[in-house]
C-alpha cells in the first residue's frame, strides 16, 4: 500500500520518462519490501523553477549562473 | 486545526464538486473530532494522468486499456 | 485513485475515530466524484502540539491560554 | 538538510516575492537550527482558489463575500 | 534537486531496507532524469496501521481479515 | 491562509526552537505576502535519521562518516 511522491523541477520531462519513474519506484517497493504493486501509488509533481529554492536561491536564478 | 489534502486525477472536476469535497471534508472533522471549521483547511491537488501511477502504470495508459 | 492526507494534532484520537475519518473520507470521494473505494487511500498524520503552529504560536502555548 | 513546503493561494505572486520566501525560509533554518543552506530545499505550491477551502468554503467564494 | 517521499505502513521495516529504498530511489532519478544525487532527498514516513486506510477500512482491520 | 510544512531530522530540536521556527515562518508570510497570521499554519515534521536520505545514503550513515 505504499504512496510515493516524486517532486522534480518542471523542465521538459517527457511522458516516457514519467512512466519510467512510476515503473521504477513501484518495482523498488516490490523488491525491497514485497509490497503489492496493485496498491502502490506514485505521484509526480512538476514544480516551476521559480518556485523551487536551494541554498536560498530559486532554481531559475541558479540555472542562469551555470 | 486540521489540514486535509485531497489528491485526485485532473479529469474535469467542476468547481461545484470541489466545493462539495471541501464542505464534506470539513464536516467530517467537525463530526468525528469536534474540530473548529474556522481553522480547518482543505486543499485539493489535481494531478495530470501522466503523473499518477498505480500498479506500475500511468493512469493515462490504464485509461486506454479500459 | 484518490489519496487523502488528514493532519491533526496528536490529542488522544482513538482508533475508532480514525476508522470513522477513513470511512467518511472514502465515502466522500465515492459520492462526489464516483471514485473506486478499493483504490482510495486515506492517511492520518498525528502531529505533536509543539510542532503545530497557528497565528505564530505553537498549539501547546495556545492550549495553555485557553 | 531541511525541506520546507510553502502552500499559498495562486493570486499573482511575483517571482520576486517567491525569491524572498525562499531566501527567508532558508535563512530561518540557518539561524534557528544552524542548518546548511546548500542542502536546504524550499518548494512553493500555488493553489487555485477553487481548490483551497477554509471554514467549509472555497477561497473563491470567500473572496466574493469580502 | 529531486525530493522523494515514500510513505509505507510501520511494520518492522529494517534500517537496511530503508537504506535500500533510499539508494534505489536516488539511483532511479539519476538514471531516468540525469539528476545529481548530491541534491536528491528521500524521506520515508512510516505510518501506523490504525492511521492508514484503504477501501474505507484501516489496514489494522484489513490485516485481521487476512 | 498559508500552510507551511518544515521537515527536519529528529536531532534534539527543543520546544523553544520549534516555537522560533513557527514564529519566523509565520512572520515571513506576513511580511512578503501580507498574509493573515490567524490563518497561517506551520507544521514541523521531525524525521528519524534512518528515514532521511541524501546522495543515496541515510543521514545516520552520513553522520558516522563525519
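Order of writing sets the labels: A, B, C, D, E and F. Residues in every chain begin at 1.
Just so we're on the same page, a contact is a pair of C-beta atoms (placed from the backbone, for glycine too) under 8 Å apart; a residue touches a chain by one contact, two chains touch by 3 or more.
Keep in mind that this is a model prediction, so the values were computed, not measured.
*Asks:* Quick one: point me to the chain whose Cα centre is farthest from that of chain B.
*Replies:* Between chain B and every other chain, the largest centroid distance is to F.
*Asks:* Between D-E and A-E, flag the pair that has more C-beta pairs in contact.
*Replies:* It is A-E, judged by the count of C-beta pairs in contact.
*Asks:* List the centre-to-centre spacing of chain B and chain C in whole Å, with centres computed as mean CA coordinates.
*Replies:* 13
*Asks:* Report the inter-chain centroid distance for chain C and chain F in whole angstrom, where each centroid is the mean of the CA atoms.
*Replies:* Between these chains, centre-to-centre, one finds 20 Å.
*Asks:* Where does chain B touch two or more other chains at once, residue-wise?
*Replies:* 1, 3, 7, 21, 25, 39, 41, 43, 52, 54, in rising order.
*Asks:* Which two-chain combinations touch?
*Replies:* Chain-chain contacts present: A-B, A-C, A-D, A-E, B-C, B-D, B-F, C-E, C-F, D-E, D-F, E-F.
*Asks:* Per the contact definition, I'd like the list of chain C residues that touch chain B in the complex.
*Replies:* 1-9, 13, 17, 20-21, 24-25, 28-29, 31-33, 35, 39, 52, 54, 59
*Asks:* Which of the residues in chain B come into contact with chain D in the complex?
*Replies:* 15, 18-19, 21-23, 25-27, 37-46
*Asks:* Under the definition above, what is the set of chain C residues touching chain F in their complex?
*Replies:* Residue list for chain C touching chain F: 7, 47, 50-58, 60-61.
*Asks:* Can you list the residues on chain F that touch chain B in the complex?
*Replies:* 1, 3, 39, 41, 43
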